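Input: one structure, supplied below.
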Amino acid sequence: MNTLTKIALPVALTALPVMGLADEGPVAGVNASTDTVFILNSLLFLVGGFLVFFMAAGFAMLEAGLVRSKNVAMQLTKNMALFGLASIFYYLIGYNLMYPLGTWSVEGVLSGVWGPGILEAVGVTADAADDYGYASTGSDFFFQLMFCAATASIVSGTMAERVKLWPFLIFTVILTSVIYPWSASWKWGGGFLDAAGFLDFAGSTVVHSVGGWAALTGAIILGPRIGKYKDGRTVPMPGSNLTLATLGTFILWMGWFGFNGGSQLAMGTVGDVADVSRIFSNTNTAAAGGAIAALILTQIMYKKPDLTMVLNGALAGLVSITAEPLTPSLGMATIIGAVGGVIVVFAVPMLDKLKIDDVVGAIPVHLIAGIWGTLAVVLTNSDATIGAQLYGIVVVGAFTVVASTVVWFVIKMTMGLRVDEETEINGLDMAELGMEAYPEFTNG
Amino acid sequence: MKLIIATIKPFKLEEVREALTGIGVRGMMVTEIKGFGSQSGHTEIYRGAEYAVNFVPKVKLELVVPATMADQVVETITKTAQTGKIGDGKIFVLDVQQAVRVRTGETDADAI
Amino acid sequence: MNTLTKIALPVALTALPVMGLADEGPVAGVNASTDTVFILNSLLFLVGGFLVFFMAAGFAMLEAGLVRSKNVAMQLTKNMALFGLASIFYYLIGYNLMYPLGTWSVEGVLSGVWGPGILEAVGVTADAADDYGYASTGSDFFFQLMFCAATASIVSGTMAERVKLWPFLIFTVILTSVIYPWSASWKWGGGFLDAAGFLDFAGSTVVHSVGGWAALTGAIILGPRIGKYKDGRTVPMPGSNLTLATLGTFILWMGWFGFNGGSQLAMGTVGDVADVSRIFSNTNTAAAGGAIAALILTQIMYKKPDLTMVLNGALAGLVSITAEPLTPSLGMATIIGAVGGVIVVFAVPMLDKLKIDDVVGAIPVHLIAGIWGTLAVVLTNSDATIGAQLYGIVVVGAFTVVASTVVWFVIKMTMGLRVDEETEINGLDMAELGMEAYPEFTNG
Amino acid sequence: MNTLTKIALPVALTALPVMGLADEGPVAGVNASTDTVFILNSLLFLVGGFLVFFMAAGFAMLEAGLVRSKNVAMQLTKNMALFGLASIFYYLIGYNLMYPLGTWSVEGVLSGVWGPGILEAVGVTADAADDYGYASTGSDFFFQLMFCAATASIVSGTMAERVKLWPFLIFTVILTSVIYPWSASWKWGGGFLDAAGFLDFAGSTVVHSVGGWAALTGAIILGPRIGKYKDGRTVPMPGSNLTLATLGTFILWMGWFGFNGGSQLAMGTVGDVADVSRIFSNTNTAAAGGAIAALILTQIMYKKPDLTMVLNGALAGLVSITAEPLTPSLGMATIIGAVGGVIVVFAVPMLDKLKIDDVVGAIPVHLIAGIWGTLAVVLTNSDATIGAQLYGIVVVGAFTVVASTVVWFVIKMTMGLRVDEETEINGLDMAELGMEAYPEFTNG
Amino acid sequence: MKLIIATIKPFKLEEVREALTGIGVRGMMVTEIKGFGSQSGHTEIYRGAEYAVNFVPKVKLELVVPATMADQVVETITKTAQTGKIGDGKIFVLDVQQAVRVRTGETDADAI
Amino acid sequence: MKLIIATIKPFKLEEVREALTGIGVRGMMVTEIKGFGSQSGHTEIYRGAEYAVNFVPKVKLELVVPATMADQVVETITKTAQTGKIGDGKIFVLDVQQAVRVRTGETDADAI
């Protein structure tokens, strides 16, 4: 029964016997046993991991809903394929590149561990566990892999409706095997950014901005969709299914509890589980702040609320709180998220002014709100310095832009990046896949 | 025989159909279309970009009736579909040379 | 391996060594340590909480699928916005209004704690924890917030396709900041209904009926959709997408495991986790009973099964078991759920007879089945009395009806509640949002 | 913060105080307490269980997306109804038929326990628990029930667009109350297949092949859809909504973490949780392998990738790893899954050659990949013998084929299995349900 | 030239198209429509409320052919689309003044 | 008056509409159709099975204009919709006996 969930212990106990605890023996100690800590930490990774996994479905629905139906099947193919490739290549190269565990080939800059990730033996024992005092390697691998895949998902939305399938997938391979893990190692692998005091709890910069920067460079090199910008005006190309876009947003929102909550990386102590609880609450309220801010702002600016902006606003709120979901109060978390929502409302048309065609708004959501979130850490975390935060943002940004640009250009030169005009006009589904997402509906 | 093409506001469809059945029309073809006309052209905003909505959802009726019945049909549609607000639609009348009922092969008058 | 999951311990042990437990040391005590209990209780709230969160997506899909496509984008906007507002206002006012923890301004009637909810400090220690013997405040807040949002979601479906956006959202704010938390405090805050012996485990009355009563008063004050009732006949207005309505139902079904299971409020003892297991099983079988009852009944009554009734039936089964998901046997739970399914099949046309236009069937599902479920507690829980149950139903119902009526009327008088006729006919999407959910599909 | 998740204990500790653990007391023992083990094992079942539950939504979306829109509402009705019936009949008969706990009426062949499943008492105590050393009965029931429902879901997809509702549901009742539980008892109930050394960790054969065999016999007895095979050619009948089919695949993918991970059946020791972690990772990489293999293969064979094959490929990868998700390395798991993906690409057209009309590809995915997965156990598990694996495959296959054939025929003779030609041509939705999934879209 | 408008049962579309190609028709326009006719009017129940299904899904073909070919086209459609069951559809023939092929600007006979 | 039926490539719709407005056309009906013609017939593969794509998405315009304006309209559409690639579409012109504006009951010239 739901009564008095907040009441103090004694009361709680008097309430419990009803539930048959009357004849329980004395409590065995205070802290959780070492095994229990190991199990609970691993469990956090596993639960957080499947939640972040589900974000792949969220990205797929969001993007499928925001592209025109003639490109939906292709967008779905890209999302399925990129997740599969991320899973394989993060395993083959990325994981050890990201977590050198102190073994560097260039101290703090480049991992010294090469080759595929290896898990603990079946039925490993305490003494044989890689890190008995902490958590199982498999759970950590599972959790970290999902972050890598999320980074790749960010890129596909921006470049939708015009990028060729295979060139895009090749970029994904390099992003997930090298670009993301390498830059991530500087912070989460204990590299020089970590040493420099750069703070990024769950990855506003390490994950979202990296995806955002890669998307930005890609969008610029790829150019806008045909007809998107006509004699100075921006021509809207409404998404084909806002219901699925909304579903995708809700799924991403849920996944984010795993994304940020799991990034506490431990649940085996009172302090840790209380922190995970704070993070869940802050993550939710930041998303709410972002959605409501976008709702009100579009109502004021355009006299009508814009659902797609509300969706982007919620996501921007989530990205904004990702760099520091623990230390803010609920109120501050709401504000940090709301600022993210505001950013989106202004950044989306701004990008259009610059003729940068971002089909789903991934750049405002993941890159710009990601930068904001990374800076916002200083508001609530005394360990953070604006200098260190800027340093991290710039270093990661510069690296990602340069690396992505090189890769995009090499691909463009060699195999070409963009479908031909007729294919783009008729839709990628018919031309590149020979398959329509909605074959029965008569669309133009 | 005459082919009567009428484009009306979607929510009027049921009413018009009933009225036509009332005067003895036994069949028609209905298509969902987008209409362009004086009603069109108000502007909307999508993700911060203004655009003009040029097409309005309409329903198109096509029915073939004996020449003698045409005027009555046109009248009935006009009466029933009218709201007085812009965008009520149009009715067009064309000559039909021949009609066939697929099921029986009957032609012309017997076909409709 | 899946063998013999039910066999007794010894057998299990002989089976286990395979999994490398051979060399484990002796077990440390019997009961879980205090820390472990705290962690596990909090974990139940967190997992239950994200499951209930996902119900927001379920409501959104169910409602988007059951309205006509010209109103889908608006329905999605309402669902996103109401969740955002519920998150913010439950934090600002609702949480402390609902859980006075014994500090009443009017004993047992009105909380004495005002202002926003406050979580435990970062990395809180055992001694500093608000309730070390129980669970983290953040996890409790997260879990309870989701119940508040669910209440608001119930209302949006009933009033779809004709209520204005902002007036509806203003009602949502008052519902989530005052009406729901205040009435809930009488039971779950340890108020006078709790003292009176009224039992409502997970909220058939406290949550679902409150949403249902608010929806009922709203539907009456708002009036039916244009053309819904024509010269005595009910004119069906088929939902635009039954696939999404079905998806929404499955999502709600899953979320309900968190809704009811989490309401056990503890998982740190053998008895508690066994109870949570009972609840999961009973919740599932009640939904099954409701769905199958509606399936068979519509087949018999109408010669054809009605999918939308089956969906409503499953949900009614869930609402019916919510007041007492613990004490019934699996068989009894199935029957309680089945009765819920029967209720829906009869209540839906009955409401139409009364010209009460409930677009998605929320009133039969949440209100009527909610009352049934609350009464059904007496069937299996000896602590329940029909008197106390009726008392709770009437008190909560009367309060919600009066409060909602006042709010609805004030809104109606001041800013108006309903869109103008032309807007309703052309669809709220074009007129109020200037945005269509399916812009490419040519709908009438 | 996310730093160094893989580092060794000492480092971790130095990092932890930040999170307020500084003043924690000494650790209470090493192993988890008996209660804690019981709780954690039960928790694994509950979390695994709701994940597998969600697979019902995945199947519903996959199938709704792959049938033509004139049959979507019926397909949804079947999926809702079969889950409800599975829940009820597995409870009434199946559960005890599947888990005799050593009480056989025919030793190792037929359970001696009849009647509905019974859970532990409310608030059960350690001494009263059915299996204190293991987990709560309710959690086990909940978990096992979901496997039974999954088996039934497999059948509905293959037979879509032509089978009558009620005859199909009657088959479902017999499948879920007798056929599945009975055959499953031979392995997971500790019957003769288990004794014979047949290994099937999470059910490539016990669950997926059983569903697949039932679907195969059904498809043959039912015959192909009208017009599917015309003068030697296969006429494609494209699915109506690939977005929902993709969503369904992602949902199934996520559910599979519960399906395979939960089948470890224990999480209360370091070894168990580390194994669950291995299983999560292997399950994910096998799905990735299957998807990518199908992607590349269709590109090579048809010059264009086939999204529906990629979806089937991911699922085939999941089925392939299900018989042994624990012992393979990540690399081997990827390969096992990839082979599953290859199987699908060849098996789908092969079935068409044989004029066996499998609407969603369930036979290649669940049956053929299931056989492959069962054989693949010998690659990584030294306890497995090719002989025992073949023995299990043949015994389960023969039994299911014979049993299903009998049931299908009896139904065909008595009430008929297939809708009449006109109903099939006009779509089952209009004729059998009088309800369309997308009433507003003008489909042919 | 003649414009031939035919409304048939959707599942007959492919067959009719093949038959027409067989007699040398090189193009047509196909529209999904809702048909109202004698076939219509059976009642369904939705959430406990009875309602009449007045519109049946149909497919409409429009093709322009040389006058000389019209009769053969009508015949072919009639033959192929016929099931003998109510609702098989109708065929209407109208005069066409002019035809143009957009790609080339060719007119009339050369355009179709 | 003349009824001008034009089927064009969907992406040309906006351009054609603008061009027509330019020459004073004040309304039209637009329908999404599937076109069959010389452009059709390339084969695709779905789940390993080959099949011919016989229908291509097109847009159909129907507009009624004064006889005097017909040629100019046909010209304008031809010019604007032309890509020179196969599948550009067709234009057909038919006689219209009568036109009515539902809102006002105005007829013929005043109606369009």
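Each chain gets a letter, A, B, C, D, E and F, in the order it is written, and its residues are counted from 1.
To be clear about the criterion, contacts are C-beta pairs under 8 Å (C-beta built on N, C-alpha and C of every residue); 3 or more make two chains touch, one makes a residue touch a chain.
If you're wondering where the values come from, they're calculated on a predicted model, not measured in any experiment.
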Chain-contact steps, minimal, separating chain E from chain C: 1
A-F or D-F, whichever has more C-beta pairs in contact: D-F
Classification of the chain C:chain D interface as same or different, half of numbers criterion: different
Round to the nearest whole Å and give the separation of the Cα centres of chain E and chain F. 18
For chain B paired with chain D, centre-to-centre distance based on mean C-alpha positions, whole Å: 52
Could you list which residues of chain C touch at least two other chains? 18-21, 24, 28-33, 36, 43, 47, 122-126, 238, 241, 247, 269, 271-272, 275, 304, 306, 308, 434-435, 441-444
Residues of chain E whose C-beta touches two or more other chains: 31-34, 44-46, 85, 94-95
Looking at the whole structure, which two-chain pairs count as touching? A-B, A-C, A-D, A-F, B-C, B-E, B-F, C-D, C-E, D-E, D-F, E-F
Where on chain E is chain B touching in the complex? 2, 5-8, 31, 33-38, 54-55, 58, 60, 74, 77-78, 81-95
Mind pulling up the chain B residues that touch chain A in the complex? 44-51
Per the touch rule above, chain A residues touching chain C in the complex are 1-9, 12-13, 16, 19-21, 24-33, 36, 40, 43, 47, 51, 68-69, 121-126, 238-243, 246-247, 249-251, 253-254, 257, 261, 267-278, 280-281, 284-285, 287-289, 291-292, 295, 299, 304-308, 310-311, 314, 326-327, 329-331, 334, 441-444
Chain B residues touching chain C - in the complex, by the definition given at the top: 10-11, 13, 32-34, 44-46, 53, 57, 59, 85
Interface with chain A, chain C side, in the complex: residues 18-21, 23-24, 28-39, 42-43, 45-47, 49-50, 53-54, 56-57, 60-61, 64-65, 72-73, 76-77, 79-81, 83-85, 87-88, 91, 99, 101-102, 116-120, 122-126, 129-145, 165-166, 187-190, 194, 199-203, 206, 241, 244, 247, 263-266, 269, 271-272, 275, 432-442
